[in-house]
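Next, two complexes with chain A in common: one pairs it with chain B, the other with chain C.
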Partner chain A sequence: MLLYALKRLAALLPTILVPMVLLFVLIRLAPGGPAGALLGDEASPEQIQALNNQLGLNEPLWRQFINFLGSLVRLDFGDSLFLKANVTGLVLDRLSVTATFVILSMIFALVLGLITATIASRSHNGPLDRILVGFAVVGNAIPSFWLAVMLIGVFAVQLRWFPVAGYAPPTDPIAWAQHLILPVFCLGVLQAAELFRYSRASMLDSMSQPFVATARSLGLSDNTIQNRYVTRMTLVPIMTVFGLSLGTLLGGAVILETLFSLPGLGQLLLTAVQRRDYPLIQGCAFFIALIMVIANLIVDLFYAAADPRIRYGKAS
Partner chain B sequence: MSTLDITAPLLELNSVTVAVNRQRTTPLELVSDVSFSVTQGECLAVVGESGSGKSITAMAIAGLLEPSMQVTGSITYKSQELTELNPDQRRALAGTEIGFIFQDAMSALHPLISIKDQMIRPIRLHQGLSRKDAEQKAAELLEKVGIPPARNVLNSYVHQLSGGLRQRVMIAMALSNKPSLVIADEPTTALDAAVQGQIMELLGELRRSENLAMILISHDISVVARHSDTMAVMYAGQVVETGPTQGVINDARHPYTHALINASPERAHAPRRLPTIPGQVPTLDQLPPGCRFQPRCSFAIPDSIAPQGMTDFGGGRRARCCNPLGISA
Partner chain C sequence: MSASTTRFTRTSKALFHEPNALVGAGLLLLIIVISLIAPLISPDPTVVNPLHRLAPPSLEHPFGTDNLGRDVFALTLWGGRASLLITAISTAIAVILGYAIGVLAGYFRLFDSIVMRIMDGLMSFPSVVLMISLVGVLGNGVIPLIIGMSITLIPATARLVRGAALSAKELTSVESARAIGARTPRILIRYIAPEGVSVVIVQTTMALATGILVIASLSFIGIGLDPSTPSWGGSLSSAQQYFNPAWWMAVFPGLAIFVTVLGLVLVGDALRDVLDPRSSRG
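Up next is the complex of A and B:
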């Protein structure tokens, strides 16, 4: 198992490296630069030139690239051009907010998706099934920012149940929860719609498998069969969906953090891009890529744990 | 249930019909007017071409049919009318009174759950044992079906086992709560010839040692001849002939039985080609009037287009034919 984990990790390294190199090139191709953003519209070309010299942006591209690779290895991306603080520290600071937000959303999505899929597949083609499928179709079609604006409009502005935006640290649990409920619901419910579709299809498929007939012939109850035999079969497809939608999930988190003013990684990245804060962009992107890789590794390891056919290989 | 007459059959089917609901049209009869009985310790073989309704009949007995299928007629087990039981009462009999051995153990066992966990769940459910005792019990069961503990089958998953081992596990599971009746639906079809023989021998031994009644569904006439006491021949959803196995095989009354037995490899004495039955099995929604075999029958007479009931020939022999073989007119 450990060997397997290390192998998977090695296979995932390019997943970090390739986007980092692409990013390095792309931000330098984009019009404008940090000097322009720092000095404002009135800056003269000479001022910009001087600042670029100071920031090391006039060095040949290959030298900048080598410096950049060095910073990757050392996990030190230097100081943010605007916030004047160490990038790694800034990122790790914000990471906890994003991690809480995303993980809570994932748990909510998983619970909601699995429960609704179970209900739907057990009343296959019944009215309940049809209603849930209808919700899932809608959930798959609406964009997260639209849902966020609607939720804020209804529950925060009109009903005043929740704050409109912002964040409170977990040291004040009630305020913390109040600030997180709407964004977590928003990100989670859309993810649940996706999970619902795959879990429902997988459950319906499993229900007609011969092992269900075997379990029934042994006198096991419908609930036991559903919870122990059918749901068990859906864990692997669910993890696949999770792995595949992780990018969307993080992308959604960036947008929602901005809308709900959550001081997370997404918000940090967005301001960094607006200000062409190269070190901060690179640092944020690196840690987001790292999260993706670790999450994918977890998915892979989970596969192996959930499916003995993967664990031992087909050959044994 | 109280006064069990030892001569009364353990299981009796009387005019059992299974129909499946269809959209916008009348239900389709998959199995029509099936009657037979099995006594304690007896082995009844059910034979017939693919699609003749053998598995549907078996699942009707075991209560495994989908909700879209309705059973009419009567199925009595130990003097209890099974068709009148509610799902919970049915479930209480599953595994404890009626065991079911499926054809393909590879798909009949759960791919992601260890053999141990699959075996102990029904044992614990019905016998209320602790996990440890149930594991002990599972190990004993595996030994009983000829799997030594050294194989470590309990900690395996189904994909790691050979076909023969899988089927032995399937048998051990089916017997784990001591049923009196075991239904084996083509238990050896998925196996190679040598292993087929071993599994059939095992089933025979278990049947004798546990005094099990068995319904054995098979395509293999030599297996049927060797292992069953009585047999029922099915054609297009009906039983066309029943009786003691030796009598039916050696001296068939129904022309279909005769043709089926002659079409089996062991029976064909001619070295070159197996005799085949001309024509095709009718589809269930386009059955011919009267005798369902009549379009393919070389002994058909004008009476064959009238509906056919079972004729009793004495000695337990019955056939659904108006022009039976072996009876001099």
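Up next is the complex of A and C:
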């Protein structure tokens, strides 16, 4: 199992390396050099020189690349150009808010998606099934930030049930929950639509398997068949979709954090981009990639635990 | 040639019997036509009229006016032009490059092991975050958006085409072509590449939908497009503070994004059902 975990980790490394190398190259391709792009036309040569020194851009390119790889390994991206603090520290401060937000949305999406998929597949082609499928198609096309703007408008601005935006630390559980309900709902409900479509298809697929007919002919009830066999059969394909949807979820979280003023990674990334704060952009991208790697590793290990063939066979 | 023509007529006939495909195609046609003729049928969306701020929908302003007194109807009609054009160009670039990469990766082992690693790395990174970081580094503007969007969209196409190419490689037709002395480029073009066509057609609709959503998300948080360019995302972002009483500022631009993406999703699903019944999601 450990060997398998290490293999998977090696296979996941490009998730971090590729985007980081891409950013490394693109930063250096900016017209007028990064320092010129940052300081504008009025910058004096001395200012540009000083900034180039700070960013390490005066060294030969191979040297810069070695330094860059070193910074990845040491998790040290230098200081933010505008916030004047260590990038890693800034990112780690924001990490817990994003993690809470994403994990809660994920749980909500998973519960809602699986329950609705079970209901729909049990009444296949019935009116309930059709309504749920319709909802899922619509949910797939709704932009999360539009849903959020509308829900804030109705439930926060008009009805005043929830705060419009902002965040409270979990030390004050009631305020914390009030600030998170709307964002978690917006992010989770749309993700549930995606999970619903795949889970329903995969449940219908397992329900047409011969072992279900056998179980039924033996007199097992629908509930027992569903809970003991069908749900278990569908867990692995659902985990696949789940792993794939993590990216969508994290991307959506970045946009919604700025809308709901949640002090997370997304908000930090946006500030970094608005000020072209290169070290901070790199740091945020790195940690987002790292989250993806860790999450995917967990999904992979879950697979291996659920299905021993994956552990020993051709792990792809 | 005749084989592909019959396939085309068969596909379009099958699509004609799918109500979802017709609805989707209708919605898309509506959005495209509106975006094309917006300058002919609507007033200038950039005209600011402080006397008519936040006016509710009326005959004069069917969708009301925004916080600067701009006509929301005009803003909505114009709002898709920039993002649709950018998405269409980036999707075209991404599909062509992704197609080529996929065919080559499916056929050449070495190319596969190097390039697909890079594609997988890009693909598992959240596309919105990738776009934000790329545009953040390249700077705002249409060209950075097109470059970033193309990079973001290539991996999915490449991966799907690679799958089709891998199985095409095992076809007996490829074996017999090689046996009679066909060269590799001919095999790639005549035998491998056509197997990827149906995958690419479905993937194009999905790439367009992703592109529209990502560009709208970016303009919503104020990145990429110049804020003075009318865009659905940009209109939505100014709508946030004025929901009470100006709900119309939020409803109509959002509806436009929704209709566009819904049209693409419906057409894409129907195409998948018709072209590739095995991977149909029921």
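Note that the second predicted complex is superposed on the first by the 272 of 316 C-alpha atoms of A that agree within 3 Å, B and C clash if a C-alpha of one lies under 4 Å from a C-alpha of the other, contacts with A are read in each partner's own complex, and residues count from 1 in each chain.
As a working rule, a contact is a pair of C-beta atoms (placed from the backbone, for glycine too) under 8 Å apart; a residue touches a chain by one contact, two chains touch by 3 or more.
Fair warning: this is a prediction, and the values are worked out from it, not measured in the lab.
Three-chain overlay on chain A, with chain B and chain C fitting side by side and no clash. By the document's definition of touching, of the two partners only chain C reaches A:Tyr278; chain B does not. Shared-chain residue A:Met233: touches chain B; no touch with chain C. Of the two partner chains, chain B is the only one touched by A:Ala213; chain C is not.
Of the two partner chains, chain C is the only one touched by A:Gly251; chain B is not. Look at A:Ala306: by the touch rule set out above, it reaches chain B but stays clear of chain C. In the superposition on chain A, contact of A:Arg74 is made with neither chain B nor chain C. If you count the residues of chain A touched by chain B and by chain C, you find the higher number for C.
For the pair chain B and chain C, the minimum alpha-carbon spacing after aligning on chain A is 18 Å.
Contacts of chain A with chain B, set against its contacts with chain C after fitting on chain A, share not one residue. Across the interface of their complex, chain B is touched by residues 209-211, 213-221, 224, 228-229, 232-233, 236, 306-309, 312, 314, 316 of chain A. Every residue of chain B that touches chain A in the complex is listed here, in rising order: 59, 62-64, 91-96, 98-100, 102, 104, 107-114, 121-122, 125-126, 157, 159-160, 170, 173-174, 176-177. Against chain A, in their complex, chain C makes its touches with residues 117-118, 120-122, 124-130, 132-139, 151, 209, 213, 216-217, 220-223, 233, 236, 239-240, 243-244, 247, 250-251, 254, 257-258, 261-262, 264-266, 269, 281-282.
Of all residues in chain A, those touching chain C in their complex are 12-19, 22-23, 26-27, 30, 37, 137-138, 140-143, 145-146, 149-150, 152-153, 157-158, 197-198, 200-201, 204-205, 246-248, 250-252, 254-255, 258-259, 269-270, 272-274, 276, 278, 281, 284-285, 288-289, 292, 296.
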